[in-house]
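Order of writing sets the chain letters: A, B, C, D and E. Residues in each chain are counted from 1.
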Amino acid sequence: MTLAPIPDRGGPAQPLLLVKDLSKHFGKSGSVVRAVDGVSFAIRKGETLGIVGESGCGKSTTSRLIMGLIDPTAGEVIFDGEHVGPGGLSVAEFRRQVQMVFQDSYASLNPRLTISESIGFAPRVHGLSREATNARVRDLLAAVGLEPDQFAQRYPHELSGGQRQRVNIARALALRPRLIILDEPVSALDKSVEAQVLNLLVDLKAEFGLSYLFISHDLNVVQYISDRVLVMYLGRVAEIGPVDDLYAHPSHPYTRALLASRPSMDPDHRRTTPPLTGDPPNPVNVPSGCRFHPRCAQVMPKCSAAEPEMVKINADHQAACFLAETVPA
Amino acid sequence: MIATIFRRALYSLPIALAVSLFCFLLVHIAPGDPINAILPPDAPADVVAQVKEAYGLDKPLPVQFGIWLFRVLHGDLGRSLATGRDIWPDLHSALANTLVLAAAAAMIGFPLGTMFGSIAGAFRGSWIDRAAVVLAVAGVSVPHYWLGMVMVVIFSVLLNWLPSMGASPDGSGVWALDWGHLSHIVLPAITLSVIPMGIVTRTLRGIVGDILNQDFITTLRGKGLRRGGLIAHVVKNAAPQALAVMGLQLGYLMGGSILVETVFAWPGTGLLLNNAIFQRDIPVLQATILVLSMFFVGLNLAVDLAQALLDPRMRR
Amino acid sequence: MSNLVHVRDLTVKFVSRDRTVHAVNGVDFDLDQGEVLCILGESGSGKSVTLRALMRLNPPTRTVMTGTLNVGGQDIITASDREIESIRGRSVAMVFQEPMTALDPVFTIGQQIRETVIRHEGVSKADAHKRALELLDLVQIPSAERRLAAYPHELSGGLRQRAMIAIALSCRPKLLLADEPTTALDATVQIQILLLLRRLQRELGMGVIFVTHDLGVAGEIADRIAVMYAGRFVEEGAVREVMRHAKHPYTQGLLGATVHEGMRGKRLTTIIGSPPNLANLPTGCAFAPRCPSADAACLEAVPGLDGAFGAHRARCIHQPAEAMA
Amino acid sequence: MSTTRPEGYWSGVFKRLKRDKLTLICSGILLLMLIVMIAAPLIAPHSPYQGSMIRRLKPIGFPGYPLGTDELGRDMIARLIYGGRLSWTLGISPVVIAFTIGGMLGIIAGYAGGWLGMLIMRVTDIFYAFPSVLLAVAISGALGAGIFNAVLALTLVFIPPIIRVAESVTTSVRVLDYVESARASGAGAFTIVRVHVLPNVLGPIFVYATNLISVSMILASGLSFLGLGTKPPEPEWGLMLNTLRTAIYNQPLIAMLPGVCIFITSICFNMVSDGLRSAMDVRN
Amino acid sequence: MTNFHLPRRTLIAGSTALAAMGSIGKVRAAEEHVLRYGMAFADVPLTTGQPNRGAGAYQFTGFTLYDPLVTWEMDISNRPGKLKPGLASSWEVDPADKKNWIFKLRPGVKFHDGSTLTADAVIWNLEKVLNPKAAHFDNAQAAQVKLRLPSVATYAKLDDMTVQITTKAVDALFPYQLLWFFVSSPAQYEKLGGSWEKFGFAPSGTGPFKMGTLVPRTSVELIRNENYWDKSRIPKLDRLILVCIPEDLARTNALLSGQVDLIETPTPDAVPQFTARGMKIVGNVTPHVWNYHLSMLPGSPWLDKRLRQAANLAVDREAIVQLMGGLAKPAFGQMDPSSPWFGKPTFKLRYDMDAARKLMSDAGYSKSNPLKTKFLVATSGAGQMLSMPINEYIQQNYAEIGLQIELMPVELEVLYTAWRKGAGDEIAKGASANNVAYVTSDPFYAIVRFYATKQIAPNGVNWSHYSNPEVDKLCDAITSTFDVAEQDKMLARVHEIIVDDAVQVWVVHDTNPHALSPKVKNYVQAQHWFQDLTTLS
């Protein structure tokens, strides 16, 4: 067994990952937490899809649902045209092709295993020989910019945060996946290190022909790395579209507020009024109608009555707002 | 919160049932005929059979258990095989004695443990801390019944300061608060308090140390609070956990005083139980363990409740 | 000196049995009434330790401080415990990064505000309560009466941080110390808190020292920025100067590494390597091992901060004439 | 940046242990005791069984019997050394067995969760309704005296708390990202438990178990004291304490010797356990 | 029952009061004469009439509160006591039918509640324990005494003061059985609503003491009965308090610390401590023997008489007496040589290792080729003396002659069960010897029940399955002989046979030791387990 990259099947036009009506409700009757509630989107081959949103909006839950680490309440995941689950692509096979990198670089590594053992774990599980695994570990370490001789036999606590996150990325690459889910991969890192890791991600994507699902609360980072961006609010998709279009012409009031919340980086043009008041709401008590209406500056009477459908703004850009159509494409 | 309490109380019922079944089986599986408790050693077979029938011991085990359970649910703990007496009055007085002893031991062990533990936790790494740790470890490491024996020899026999056994000067079994009764409780209570003292010291050292390491302590210091103000915060934060440990320890004191009660001939549940075990007085054994474990379960419930009252995060 | 804060050659060491960590290694600065200084630095740069040193809040048993440290005319290093305790919370107050852990979980918000007021002003409980209501109003917490009776865990992250600010402001301090107060918050909440702090600072005329690792945050709130690296200020100056004309290679690197609009598709500038071990500092410029323009001279001695106080100064012997256009 | 030799978790633990003098001293005492016990036949000056009424209850320092003799005139040194063998066996073996069984059940309950975990934990709750002394006395009282029964009783006493500890550590490890990522890499439950869970939970469970050794020794000696433990003539500290207790008036020092042995051993095991715990605490 | 009110206020008030009272110390002036007696029981023996907890309990709640029809001389210590009239002032065998015994009741005897002793009361008491169909039949008492009255067939009232009891067969030893049968008051029972449980707390008998407070598992108070019918036995004490202290060291401590004034079975090692404090240790020859029954079943090594003798010769009895602190007497047979039933056995029990070794080697065993077998022994228990130490010591003795015994310690109750079931029962777990120590007070208890073939377990307690036609013939004769001298002669003959046959290993006799503080006077220790507590002063 060599664990070669799995070849493409459906051609470039077929989305690599299709998520349909994915939902996850926690808790029993009475206090249901609708962490993810009917989310649909696609990741195209070779692209990076960014997901942004405030804490509690369901972005991390979405990633774990896709990965199959938790079972969805409803919905389906289709990978390269094939349904994932019984009758379709087996979960084991799916997991070979999709890997994940977590935010906490320390918690993501088993403290009792050396770097080499951590990276080599998945290949060994999938039956790669010891020698082949070792060779692959060395290649991967080199690929993420860590000198194999120096790092292979170390333990996680001997590494800096940036180095550990490189190891995590190397580990995610070990099975030659086609899609990597990155859940806040740079949020815990210092700025100087963040840049290093982002550069690395860009390089690896090209080198290994990867697609990314990049989750972050940092709009600047998402803007930098993504091809398309999905904005989540309270378990729902608020807006999705190509990064330039979405950042230049946000159609959902929430997206606009999010963008306006970024520091200006210009001492002469500081923000003067907060774009949103109050905190992100708790997904236990979901407001009726549009979930954003209690915080929305442009709220209308119908917003609390009915939930807006996704509106197509242009070919690739959609938003879930009653006002969306009025925004010029 | 009421729903939580109710659920917890309901939840303890199957536990109690399983506990009593466990005791029941334990005694019946064991070698030795329970009938020996009431018969002289040389009783002939016909007498044995007759007595067995009279006490229902000839019936199959599930039937015996069913009958017993039915009676207990109707408030009848049954009669002792050995004395023929109703169990409840005996058990009641034994429970009261054990409770008095456990409470006395708690009154010695808990404050001392709290004091040593808090000081040690507040001065982690200092010599005071090390001394308290050694004391705590010594407390949980000493075979306490042995300590009791040594203390009896010193304080009762050689110095003749305190009585060596029993619960009261007149043997009446009625507990009162006078020197005569208090003097009887001193030695067994000290003996019994050693282990909880050690455990409370250890736990409080950990709790207080952890609290003092938390961020909000820096906030409080940053607010300019003096030691007194800080202590109020530490106490309120430590209380729920400390209470939980003490509650559990009180339960252990209730059930774990067998050895001490044996050494001091203290007429409590430990002695009752010990006696029942050796005599295979099944009804007494079952009733005692049932009541003790119900007490334990109830105590845990009470501790949960108190914890919820003290810790706003646990209220629901 | 009439400066609110006057610091000269401050060093802070943490001494334990096995090692000594040199967290702060000679910091000089002044702060005037009504001025906002942002100390910018990455983890382990010593920014929080410096901040805490101003209130002597570092762990008392292991901390060794030297230098001059005056706050509101009081010498912090030599003051008695009693004196320090009466300064803390009254003339100097502090806001922490994570309000969830910085607030006592088993006391209500009201209790935690009241005890500070009572501690320093000796007022009655009723008066303290009245003051608490005013304070919640000041930090824009709605339904104040209900919030005062709430425990920290019953509030959202933003409200908790506002409550934390209310506690800090309860005795109208002259100096507010803020230790990454917005880092744990969502962007939408972060900007609310920053605006609130800015408004309060102006209204109350406080001096503020604000510690952050986020250049953007500093840009929103600072009058002056001090960039810290390995326990030293490596660059200090007015916010515009530092953000637009950074002199120190480290500051330049940080600016280049901070992702912001318009960088898409470009390669990010990075600072190679990682920060030095504070238990074992190199001689000379601490940044030299990571510096693209370092040479042998850099390792000879620690470079001094050039220029006068208040001016834009940097601690580098190879200052490029004008970096980063 | 540093190029020092890579340091594993355990070497770090040992490094920290080496700095802890008290733990070192206690480990030293335990080790010494262990050596003496293993080498008992070489060291013991007399047979631990052979006694004589003529020289019963001789004081410490009696010629030929440096620690005196017991109530049957047997050499105290030999009795204490051989007694240690049995006391240690009684103290350690229940913990070892309970560690194995309870650890396994707890890890299963913690990792699998669901109805299986529920079942294991509810059964554990039942045993938790008894204070430990009560449970030990009840079980060995029912089964009768003897080493095997005492070990069985003590094992049953220690399994529930170990299950609880194992379950809670496992639950806390199970949700860590590295276990998630191992699941994401398609590894089976058994492999994940073996590679990722076990190495990280065994430490805490082990420390907890070492802490139980002293409890076990005291409980075991308490059982012997009640006549529920070891059978004579086997020397065992608890039993010796029991049979010598009436000599407390004639030879108080000798009557106290077994108690002192239990005390010292127990304190040392406790100290070593505490030392291990803080050495294994990564926060330090 | 128990008052347990401990409100917090009282507690605080109490603790402050304590400081003030500290100096008062021991209270209660000694205007009345009270002694406190530490019993080796975990609970007060039954007070309803028939005490439980074995023969040792009869002196505490039997002979104090009650009287039997036929009683025992208990105030004589220099010779074994004899039967003497109790509630029956005289008795005789019906010459026409020797199965009929006629008892004349003592006139004028009153129960503590004031009712009078009549023939009806005696019949009522016999019904109480022998007729399960009687309304007042008491299982607890029946269980204690029914087996002690094995010969009773029927009983009848002849007139108000005369009772006739008919035995199943001619039984000359029958009066001994009546020693165990106490008479409680029917009037009191009726007054208490027919509840034996209530009767236990307010008993009424004819005995020299009335009962005061009973605290289960703790103590019982006995108060002098001024109107006792036997004026010579009116107690000297005002009150006697019996305290339960089952643990031997605790009992010793209680005496040494002055909490009680006398105790039974003190710990032997504390003897120097007692004497140093002016306390007395008393003991006497007691019909009790600490022994091993040896299995005579096929496959048992003990079928070889040489081994049985060797086992008897290898026991250093003097050393055991020393171990017991002198509170024991070496045994030379089932009976003490001072007993009229001892006879003149030719096999002398002595400590002779050489002889023992020789016998062993004759039988084919030696130290290098030892005989291995198991002994069933008790972990501890009343009457077993220092069970484990003695057993361990004998284990050492035996090891010297090539007899390796493995001790199987069990609870006394388990040991009793095994004893009753015999050597052949599986409960014996292959043990070849049983170590129950017991009372040997009357001919049946001492001799007949152990050696007659009829008594082989589970019928009697001939645990060994010993069978000897000559012994059987003598046993039958003993029970049908009414001439006491003749009886004694036959008993002595049986004893000679079994000692010469080395049927058991006899080790020591208990001296039933008591330790008394100097306060205790006039304690007369009878040569029996039955002691008279009325003499105490």
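In the analysis below, contacts are C-beta pairs under 8 Å (C-beta built on N, C-alpha and C of every residue); 3 or more make two chains touch, one makes a residue touch a chain.
Treat the numbers as computed from the prediction; the structure is a model and nothing was measured.
Engineer: Kindly list the shared contact partners of chain A and chain B, in label order.
Structural biologist: Expected: C, D.
Engineer: Between chain pairs B-D and D-E, which one is joined by a greater number of C-beta pairs in contact?
Structural biologist: B-D
Engineer: Work out the mean Cα position per chain and let me know which chain is farthest from chain C.
Structural biologist: Between chain C and every other chain, the largest centroid distance is to E.
Engineer: Could you please state the distance in Å, as a whole number, between where the Cα atoms of chain C are centred and where those of chain E are centred?
Structural biologist: 89
Engineer: Quick one: report the Å distance separating chain B from chain C, using the average Cα coordinate of each chain.
Structural biologist: 53
Engineer: What whole-Å value do you get for the distance between chain A and chain C if each is reduced to the mean of its CA atoms?
Structural biologist: That pair's centroid distance is 32 Å.
Engineer: If you average the CA atoms of chain B and of chain E, how far apart do the two points sit, in angstrom?
Structural biologist: 37
Engineer: Scan chain D for residues touching two or more other chains and write them down.
Structural biologist: 144, 245, 248-249
Engineer: Give the residues of chain B touching no fewer than two other chains, as numbers and ranges.
Structural biologist: In chain B, 31-32, 149, 153, 157, 262, 274, 278 touch at least two other chains.
Engineer: For chain E, jot down the residues that touch at least 2 other chains.
Structural biologist: 249, 273, 410-411, 414 - these are the residues of chain E that touch more than one other chain.
Engineer: For the complex, which residues does chain C have touching chain B?
Structural biologist: Touching chain B from chain C are residues 52, 55, 57, 85-90, 93-94, 96, 98, 101-107, 115-116, 119-120, 151, 153-154, 164, 167.
Engineer: Given the complex with chain D, which residues does chain A contribute to the contact?
Structural biologist: Interface residues on the chain A side: 64, 67-69, 91-92, 95-96, 98-100, 102, 104, 107-114, 118, 121-122, 125-126, 150, 153-155, 157-158, 168, 171-172, 174-175.
Engineer: Taking the complex as given, what residues does chain B use to touch chain E?
Structural biologist: Going through chain B, the ones touching chain E are 31-33, 36-45, 47, 50-51, 54-55, 82-86, 89-90, 92-94, 96-97, 99-100, 103, 149, 152-153, 156-157, 160, 163-167, 169, 171-180, 182, 262-265, 267, 271-272, 274-275, 278-280.
Engineer: Tell me, which parts of chain D touch chain A in their complex?
Structural biologist: The touching residues are 3, 6-9, 176-178, 180-188, 191, 195-196, 199-200, 282.
Engineer: For a test of understanding, state which residues of chain E touch chain B in their complex under the given definition.
Structural biologist: Those in contact with chain B are residues 1-4, 6, 10-11, 13-15, 17-18, 21-22, 24-28, 42-43, 46, 52, 54, 132, 138-140, 142-144, 146-148, 150, 196-197, 200, 213, 215-219, 221, 241, 243-247, 249-250, 253-254, 256-259, 273, 410-414, 416-417, 419-420, 427, 436, 438, 449, 458-461.
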